[in-house]
Amino acid sequence: MAQFSFAGTEGATFKRRLYGNVASGVSGFAALVIVAIVVVVISSIFIGGYKNFTWEFLTQEPTEGMTAGGIYPAIIGTVIMTLLMSVMAVPLGTVTAIYLSEFAKANSAFARTIRFAVNTLASIPSIVFGLFGLGFFVQFVGKGMDDIMTPGNLVWGQPNILWASMTMGLLTLPVVIVSVEEAIRTVPRDLVDASLALGATRLQTIRKIIIPGSLSGILTGMILAISRGAGEVAPILFTGAAFFLPQIPHALTSQFMHLGYHIYVLSTQSANVDKTIPLQYTTTMVLLLLTFTLNISAVVLRSRVRSKLKAA
Amino acid sequence: MSTTMMTEQNEEILSPQMRTTIGGSTDVSNKARPVKVSTKNLDLFYGAKQALKGVTLEIHEKRVTAFIGPSGCGKSTYLRTLNRMNDTIVGCKITGEVIIDGVDIYDPRLDVVELRKRVGMVFQKSNPFPKSIWENVAYGPKILGERNKATLNEIVEKSLRQAAIWDEAKDRLHHSALGFSGGQQQRLCIARALATNPEVILMDEPASALDPISTAKIEELIFELKKDYTIVIVTHNMQQAARVSDITAFFYLGELIEVGHTRDMFTNPAKKQTEDYITGRFG
Amino acid sequence: MQQKPSERPPLTLGKKFRFIEWLVESGIRTLSFISFAAIILIFVFVFKEASPVFFGKSEAEKASTKDSMASVINLQSSSKADTTVGTEKVEAVIKGKGALKGTDVIVKVDANGHKKKVTTNGGKIEQEEYDPFADDTKPDDTEKKPDNTVAPVKVSPVKPAPDPKKEIAKSKKDIQDSIKNVQNLALQTAKAKDSIAAAIAAKSLVDAKDKAEADSAAAKEKRNAEESKGNSNFGKMLIGDTWQPVSTVPKFGMLPLIIGTLKVTLISLLFGAPLAILAALFTSMFAPKWARETIKPIIELLAGFPSVVIGFFALIVMATIFQDIFHYQYRLNSFVGGIAMSFAIIPIIYTISEDALTAVPNTLRDASTALGATRWQTAFKIVLPAAIPGVFAAIILGFGRAFGETMIALMATGNAPLTSANILEPVRTFAATIGAEMAEVVFGDQHYNVLFLIGAMLFVFTFSLNMLVEFYVRKKLLKRLQGK
């Protein structure tokens, strides 16, 4: 080439510009479609639901064959179930995460196996947990307890809030483990070393340095677990959720109403679906508000943890 | 220089006779200080990689021993074997002996916590806990079981004074330690290490991240502390080694090349590699 | 404290025993082993419960015959308690079963109501046109009874239960007679179309457990007899094209479920994956900062949607709109379900692809840009190819999620096990089958085992997908980016 020249490249440049615009346009459009989906889902639920969203709706029991009234027992049932679930899953998950990051040797086959198991557990369909809960907790443990304590009497060997919470606890265990482990990683190794070098034992280091340093992560794990527990329905379909129960659960052996399950039964099982549609909308709206609040606080906390991780 | 030659040389250096000639004989001010820490044929592996090769060395009581050498030569790794901080590293394997006060510290019966009480450590990057200054210094005594507030106060003050940071810290004892400057933080870390009253203090490039004034302060401090403590310091700064240490050891590629009185090392090194390093031909 | 070094005893060997330390550390170990054990337990249990489908059949039968002695007594005593005829009694048991699940007000439960249920059960499965709102699988829910009706059923068989041995000793002859009775009774009931369903349901009630086992053992015998007549063998049955778990001769042909699951999953992937990947490309390559910072949280928000909410939206809002637009026959079908399912997998695919895309080193982008490539050329020729394994992983994990998602499938796909290629017809997925039928099933029954088999299949499937991602894709990704 004798001379350096841009001559004759105009066509190519035009083509490149065109492709560039098409590429960013198409991908931008895809992003827009997703955003639109989210907006449409949220707005249609809120538009359908806000009219009934009253204090009475939140604090009254369903009446007239569930075609009227509120969702108070479902809210309380959900809250109790998630509380029971967190009481089991959060300490267990936290301790397991501590074990994995501080006790198990990081690259040992054992630790790797456990991590893989935790990841697998996180991706198992939630309905499988339901199966497990029914087969193991209700039929095996519950019936076993009945056979021993009150032979012939059906006390534990039926779906109840305890078994549902335990099933849900297993479902949320990996959520807690993963987020606490992530939080523990944000505690600078320097500090751990400094503590050990001062003659602190492993436990003292965990208690005084690691746990205070990863508190926000533990909190995130807890919130995410609660949010998941509040929203999942499949695991409790046959481990304890009740269609309609006027009173709130009073013992570990009672069944309970659950917001998600309530939506499911109202929209597919009730005798008069059309009549309850406004109630369904509002219940969905309540559930959505609940999970939003939890998720947004988890996202905020987690982004704080992540920025700390980057800084460290 | 071929590798074979180097190995031969090292074997020569590490021979027992050599060590006896080094130990104490050249020290003018304090003759024949007892040996506090000694290692024999110490090998250390990270997985398949050998980081230390047959290091045999003696460290004398109430002396400042400096380790010099280019980055990655194993000097920090060696330092961390002395209070078993390498224990936390996965895949780290150690053979040979490390003897402190006549006890092999890699004996499985040894209580690591007891060891670390006696062998304190100051790290390269200042790492105060995200707590108050008081809490930082009192951390060590507290975990060792001291509950009495008055005693703790006493220890805190004494340690801070020893570390020459009392004047800066006394009015803000209950403020976060992270409010200190880098140099102050490092001196706080020294105070924190002193608070458990160790016998040996290991310092891993304590001044590498500091400005000249803070560095000078730390060096002054080391000079003071020498009276009561056995100090081992790793530095990549040869002037610093020359200024603060009594004995200097030169590491290269995981091997201890030469050890001797600091003055001799810097004026009349016995090995060609040491001379090359000191005169700045590599490293 | 603060002894001078000289005052301190010299360093000696010998480990100090710190009791609290030891206690807490063992506590931590125990707790974490409990959670590991729980994880392993799930793995094992699901398979264990599924295994009788293939291996444990004879054993189960043995067990149930073993139990029949005791159950006879139970039956006897319960028939004493409520002096009713066999069929009616069974109904009572079923009522109890329904009540087990909870209680209901809309109830009008009696023998009639119950019979109705069973008919629907049988009818529905043969039914080709499907009305989701008449979903039979939960009639127990709609026909639940208030607690007080349960009580007598609960109590009646209990009283004699504590001393069965005594009774055995008391009257061996009685027992033998009653065995005959049971068998006759069971055979009699089994003749009726809904009898097996009744026997099955009966079995699940704990207090009547043993009796029910006797019933179902008899029922099984009958079933086996039918099978041996050359009706079908079980392995063949599993790959058959009819799913009729509740009928005289239950059919567990999984073909319609496989087709249904694949239809829904593929539709959701075809719709969701391109959207999510393009959106990931947009936010990681083209989007201005403000757009990126708006889009990402919105998609994260979508990830937090409970699936029952998406299912509800699909069922109430989307299905109607789509039907108005496309004018197809069935309101709920695999198309609606698939699109709804894609809402659940979009955030997964988006997040993982976005991570993979942003993980491509900047040096690669810079090199490409320095050679005069435009942003889209860099995006499509450098960044996307480098991140392909990650994007692939995203699709796989999205696939796994769609495959196992229950609530959306349960609510929005129509739930009819049809063998058809038409995406506008209702379908039933594996997960939805478990969700819909598990509550009705008898513990230890063949149907129960088959549902566990489906669960195990879901399990194995997601597990293998995970393995694929973990070991293959990640390795490949590392290889591409770091040349390892």
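Order of writing sets the chain letters: A, B and C. Residues in each chain are counted from 1.
Simple rule for what comes next: contacts are C-beta pairs under 8 Å (C-beta built on N, C-alpha and C of every residue); 3 or more make two chains touch, one makes a residue touch a chain.
It should be emphasised that the depicted structure is a prediction, and the values quoted were computed from it without experimental measurement.
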Category of the chain touch graph - line, ring, star, complete, other: complete
Two chains joined by the most C-beta pairs in contact, as defined above: A-C
Central subunit by CA centre of mass proxy: A
Subunit A and subunit C: spacing of chain centres that average the CA atoms, whole Å: 18
Subunit A and subunit B, separation of their C-alpha mean positions in angstrom: 49
Distance between chain centroids, defined by C-alpha means - subunit B, subunit C (Å): 61
Subunit C: positions in contact with at least two other chains: none
Sequence positions of subunit A contacting 2 or more other chains: 201
Multi-chain contact sites of subunit B, meaning residues that touch two or more partners: 113-114, 144
For the subunit A and subunit B complex, residues of the former touching the latter: 105-108, 188, 190-201, 204, 208-209, 213
Subunit B-touching residues of subunit C, taken from the complex the two chains share: 1-5, 8, 10-16
In the complex with subunit C, residue positions of subunit A that touch it: 16-17, 19-20, 22-24, 26-31, 33-35, 37-38, 41, 44-45, 48, 65-66, 91-93, 95-96, 98-100, 103, 114, 116-121, 123-132, 134-136, 139, 143, 146, 151-154, 157-159, 170, 173, 177, 201-203, 227, 230-234, 237-238, 241-245, 255, 260-261, 263-265, 267-271, 273, 277, 280-281, 284, 287-288, 291-292, 294-296, 299
Footprint of subunit C on subunit B - complex, ascending: 100-103, 105, 107, 109-111, 113-115, 118, 141, 144-146, 148, 151, 154-155, 158, 197-199, 228
Footprint of subunit A on subunit B - complex, ascending: 83, 85, 88, 90-91, 113-114, 116-117, 120-121, 123, 125, 127, 129-130, 139-140, 143-144, 189, 192-193, 196
